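Order as written gives the chain letters A, B, C, D and E; numbering starts at 1 within each chain.
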Amino acid sequence: MSEPILKLTNIESSYGPITAIRGISMSVPEATIVTVLGANGAGKTTVLKTISGIIDPRKGAVIFEGKAIQSMDPDAVARIGIAHVPEGREVFPLLTARENLMMGAYARSDRKGIADDLEMVFNYLPAVKRLEKRTAGTMSGGEQQMLVIGRALMSRPKLLLLDEPSLGLSPRLVKEIFELIVRINGEQKLPILVVEQNAGTALKAAHYGYVLELGRVVMEDSCERLMEKEDVREFYLGAAPENVHADIRLKRRKTWQ
Amino acid sequence: MTELSQLIVYGLATGCIYSLIALGFVLIYKATEMVNFAQGDLLMLGAFVAVTFILTLGLSYWLAFILAVIVMAAFSYGLDAVVLRRVIGQPQFSVVMLTIGLGFIFRAGATMIWGTEPYNFPAPFSSGVSVVGGVVISHVAISIVVGTVVLCSILWAFFRFSKLGVAMQAASQNQLAAYYMGVPVKRIFSLIWAISGGVAAVAGILIAPLTLVDNTMSMLGLKAFAAAVLGGFGSIPGALVGGILIGMIEQVSGAYFIDGSKDIAAYATLLLVLLLRPQGLFGAVGRKKV
Amino acid sequence: QTRGVTDTEVIIGSAGDLSGPAANNGLASAHAMQLRVDEINAAGGIHGRKLRLIVEDAQYQVPRAVQAANKLINRDKIFAMIGTVGTPQNNAVFPLLEQNNIPSLFPLSQARVMWSPVNKLKFQFNADYRDQVGGAVKYMVDQKKTKFCAEYQDTDFGKDIVTGAEEELKKAGLSIVAKSTHKPTDTDLGTQMINLRKAGCEVVVLGTLGRDAIIAYTTARRAGWTDVEFIGVSPTYDPAVSGVPDGGTDGLYASTGVWIKPREEMPEAGRQMFDKYKAAYGSEPTVSAMISYIGIDLIAIALEKAGKDVTTESFLAALESIKDYNDAFGNPPQNYSADNHQGSNAAFVTRVKGGAYELIAGPISHTD
Amino acid sequence: MRFPYKTDYGQDLDLFKSSSDRFWYGLLALVLLSMPLWVDTFWLGEVSYVFILGIVGIGLMILTGYAGQVSIGHAAFLGIGAYTHAILLSMGTPFVVSLVGATALSTLIGAGVGFPALRVAGIYLAMATFAFNFLVEFVFVRWESMTGGFSGFAVASPEFLGVSFTSGGGFYYICLLSIVLAILLTLNLLRSPTGRALIALRDSETAAQALGVRLARYKTTAFAISAGLTGFAGALFAHRIGYLAPDIFTIMFSIQLLLMVVVGGMGSIHGAIFGAIFVGALPQLIAIMRDYLPDSVARQPGIEPGIFGLLLVLTILFEPRGIYGRWLKIKHYFSVFPMHKKAAFSRQKSYTKSER
Amino acid sequence: MAIFQARDVAIKFGRISAVDGVTFDIEPGTVFTIIGPNGAGKTTLFNLISRLYDTSAGTLTFEGRDITNLPAHSIAGLGIARTFQNLELFDHATVLQNLLLGRHAHTRSNLVAELLFLGSVRREELAHREKVEEVIDFLNLHKYRDSMIVNLPYGVRKVVELARALCSEPKLLLLDEPSSGLNTEETGEMAFWIHDIRDRYGITVLMVEHDMGLVNRVSDKVLALNYGRVITIGTAAQVQSHPEVITAYLGG
């Protein structure tokens, strides 16, 4: 297999004195979808932020297409082809939906390509087309989420990072978004790194997965095999028998802690 | 009737001065969400630089004009790149206070370089007047009005239609997202500072024939502030309209109300407008969606 | 031991302005004072003591002036205060001086309260604003002008001038027919000029500094209002005003207590001072420079008179005993006494011609 | 790091969180109380001024640092307090009564100004207070019968129970007592429901409303208390200045007051005090330092404000969250000594987002 | 008798009808869920109930009392609490302070007493603290008690918001997408909590939710909304078999 397009080696990042991830290594091979699972606060978002230069890692290296990018400014990272759909719907509140989308193509100058991609986004996400002239700040949570995903696609990235893309989307849209992810990956051979709480859907769509706990990778494997594992099934896929009665909520703790 | 027309002409001219300075505030705010308290000081520096070109180096007015604008743009770019850039992303307040500190330094620096004596500023049209239907219009006033309207239009179009202009707004609304889009936020901020520095120089040079050039020039920023807010901070047409409105109100209240009302008319109007329209005349309605 | 007086030194303080809006006056004053102090010290000082001058920077802010006074009084232990800039600053500083029995000498404010009513610690030597405007009005009345108006800053300074004009006009049975005000920072006086013109003024008394005098005058003249004279007081008597390009201020009058004579008419001492000043600081001395230079000279004379064992009281008595003092610049002679702490109230009326002020009349004392 | 071991909920409500706190503040109190014994009049005067500004700082901190409402008009409240006090004194009102009167009037006017704040927010509110400052200045000028107009008027010296406090020591103790009281009252307020409600206003008006916080009430309260403290400080300020004139209470002074809370560190009482030291004492320190500089430098016009500006800029560049932020770091450094990690102090990249 | 009633409620933003003639009743002690595509008007409906927006038509009744025109700050006092879709926490305060603010509607102290911190204030604070600690126990927030909100991960913030709402001892609790951003395990826990909130504390819950697993587990009644209008109301199973819900919301 060829060199992975993105490789993290022994990354350690912190927020001031709080260390959020401690020595994480992972890689995203060409044309694959990689998913990262983990409980709240495991450090998933931090991993993505570190990749796109929002946080400078304290240790370790981020290698993209063979180049170390860990100390680059986030805008430079974006310009070399890493698009990031951040957690929490970071729209430009006073710009219209269309202007928001066009900002996605800020670093590009091929007019024709941009126009085509705008069509493509409207095609993939018809709801966004309907909202084209509305200011993003007044849109509903889900509408903003679609807008942000569309905006990332507008940059025609070499690598797409998605932080909980399904957050707040209706079941139908969740399905559609993941179909879209798979489709783009298939059609454009775009490598995608997706963080997702909706583990079932993510594992189905992705090829390879990592499980994070407390800032460390505790498991990694192909998605088929991950889905087989007992712990994953219980904690991420909710496959354990439901204890309907609240009082007997004696839960099995995770084995890897 | 002539009297009223004359008042309107005066109001327009002073109003445009306010607009021109307000424009500098608005630009910085629109693109970086911060209030630049040193705008008046940049204006003063611009006028001083032009003084040096004209009086010391003996350059022609127009050459000096262009050079001063370039110098101030470069200076402001550097200012952002060297100083302000270090606090990007810090609480806005700190950044605002930083500009106040810079204002102190600029005034002190100007005193050290150019001394404390006021300079007279020769301009090709400084003493010319035209009389139209009994109304006296000085050529300085014309130059200010034309300069203001032209600058406002250019900058308005720039923000509205150019990719860079939209990116500037984006960067101010959400720095993080702008970074994700590959917008070089830092460079953009420096650029807008450069533009604003250039605008300050234009304002300083256009106003200079009306007043003497000395370190009290920086105080002109205060009323322009009111103008910018009246129009809606962050709106370019707002700066234009706000400034002219304040200019007019001052003249009219000075002429028809009790003496001294001219001084506070601007602020009284501002308070009133804010109570009726809390976001100023052209300001964007800011209501966070939950 | 008298405060501020040691075996080797007499310490003089000044809460001046080295920055801020009045820096031009404050700085010139500081320069000129130091010049005179150096001259005196070079000549061996006074009774074997050197003068030491400490200038603080009050930046034309009252709280800073109070801080400066606190430092000068309580830390530097000055003997006397000289050249404090600004009326409100002087008003705020004086109570502190009074508590410590420190003389307040020759402030850079020509307001009447600087010397009147007589206070044993307060001295002022030249015509104050009211005297200046009094002289100006007297001159204009003599020129058969009857309709007087006032355009003045809405400050204590402006008020002082209007009061002075009203007092003088009253003597001639006249009064001010129209008044209007502006703020020091205004860049436009269009409305004001329209209003005054409507009132048909023949003379507009200006309670202005330099910048607003120019604006008022040029606005009126550009609007074609020519059958009117404008006359300001000493802050308007400034090279920046007379030097407006293209003769913009030609014909503007200014009244001043300290008239800068042409070099050839000036006494030798004054000429030397001008040369030295220019060599040291690169610009011509201004009125403020002259006032403060003379102030230090007066202090030196009084210290000399008071003798080796000088006390504040003996120093004050010595100041009061100065009679017929002629300064280096050929100003009218000054006289002090126990009930008069103003050296002279003579004013000069000058007018801009060809980029400079020339003398029209004076010295005029409106009380004569 | 030491963690105070808590045994009951009441401990979270205590003013002193640990016995070492108690020790240090006790020591500070001792130092301040004995100050007139070992410090000359000059320093007493300057420290008194810092106390006065400190009270303003606390008042502004409540409004801006806690409730998130910006005011660039606080010099107006300072002026209202100063004038009211001086006028009352001149009418023969006893010192304490007049102090209360000045505080009460500025509190009332503050509540009135708080009213527009219900509609106007952010920079627009800041500018409304800015306009208010001008209007008040105008009143000081025009209401000549009361204020003496531009000529201003002299302030009677403080006298309490027939004893005059003009001397450095007496006035110093009045200021010390005042700031201690101001701090105690403010700390009480901040650990009470009202203090929390103010923080709620600042961080999310929407959520605050949904939890039952009456915006109108708390905004006016914040303005009233802030203006009240400032007016109270204004009364003391009147004595310090000795002579009132309208052009003391300008917008430039308001900006300096605001500077205090920002440079000191938003959202902490410590910050207000640090800020007061910065704005009140620093210029004087620079002036003293100038005495020791070579003439060629010291005689430069504009050198003092230049150095002040430079220090201001450096402070903010070095510590954008204010001097208090640095203070915390230093404290942290010593409390974990020698275990301290460099990374704990390293500045992170941070990003701002429009509130519009 | 329904604890809450909406009658023909509507609101327009400019030309957009975000909520358009919505009518429903909530029985006390039940979990009532609203589902619907993105932009259907669910959050807007919440904002109308908590009086952040003014209705352009219709009435809202809570415990028989018309609340359509009450000011927003009085809603909490009546016993309605809510969480926000995008989280509206007091970011620069600690978890404890956030939760104590949840008690705000129950505070009685006056300003003077507070300035002097009289014994009554201290006692009241301690009483609030007891209640808050109860909620902390219930939602397992012990280890975050003194953390600033800005330093917490998203999932914990969601729980803190829920906790803050519970601290106000509501009778009606509005939850806007309680499970978004939570993983399966945490969603499971949320389901338990919602059950407990209903059964143990007897609080009526009105919830907006996209996770159909959670909806199925906890809802007593479900309302489907599209373009601001009610499509159908019924049990979870009934609603999910409605053809329009399937096409517009669930996706075929």
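One rule holds in what follows: a residue touches a chain if its C-beta (ideal position, glycine included) is under 8 Å from a C-beta of that chain, and two chains touch if they have at least 3 such contacts.
Only a predicted model underlies this, so the values are computations on that prediction, with no experimental measurement involved.
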What's the overlap between the neighbours of subunit B and those of subunit C? D
Starting at subunit C, find the fewest moves between touching chains needed to arrive at subunit E. 2
The chain pair joined by the most C-beta contacts is B-D
Centre-of-Cα separation between subunit E and subunit D, whole angstrom: 40
Quick one: report the Å distance separating subunit A from subunit C, using the average Cα coordinate of each chain. 74
Just curious, how far off is subunit D from subunit A if you go by their C-alpha centres, in Å? 47
What's the distance between the Cα centroids of subunit A and subunit B, rounded to whole Å? 44
Mark out which residues of subunit E touch at least two other chains, giving numbers and ranges. 43, 52, 84-86, 88
Among the residues of subunit D, which are close enough to touch at least two other chains? 206, 301-306, 349, 351, 353-354, 356
Which residues does subunit A have that touch at least 2 chains other than itself? 15, 54, 90, 93-94, 138-139
Within the complex, subunit E is touched by subunit B residues 289-290
Which subunit D residues qualify as touching subunit E in the complex? 9-10, 12-13, 185, 188-189, 191-197, 199-200, 202-204, 206-215, 221, 267
Complex interface listing, subunit A residues touching subunit E: 15, 18, 37-41, 45, 87-89, 127, 131, 138-143, 145-146, 164, 167-176, 197, 199-200, 234-238, 242, 246, 249
Interface residues, subunit D side, partner subunit C - complex: 40-42, 45-46, 49, 141, 149-152, 154, 166, 168, 240-243, 245, 247-248, 252-253, 283-284, 287-288, 290-291, 299, 301-306
The subunit C residues in contact with subunit D across the complex are 18-20, 23, 27, 30, 54, 56-57, 59, 61-64, 66-68, 70-71, 73-75, 87-88, 91-92, 94-96, 99, 113, 154-159
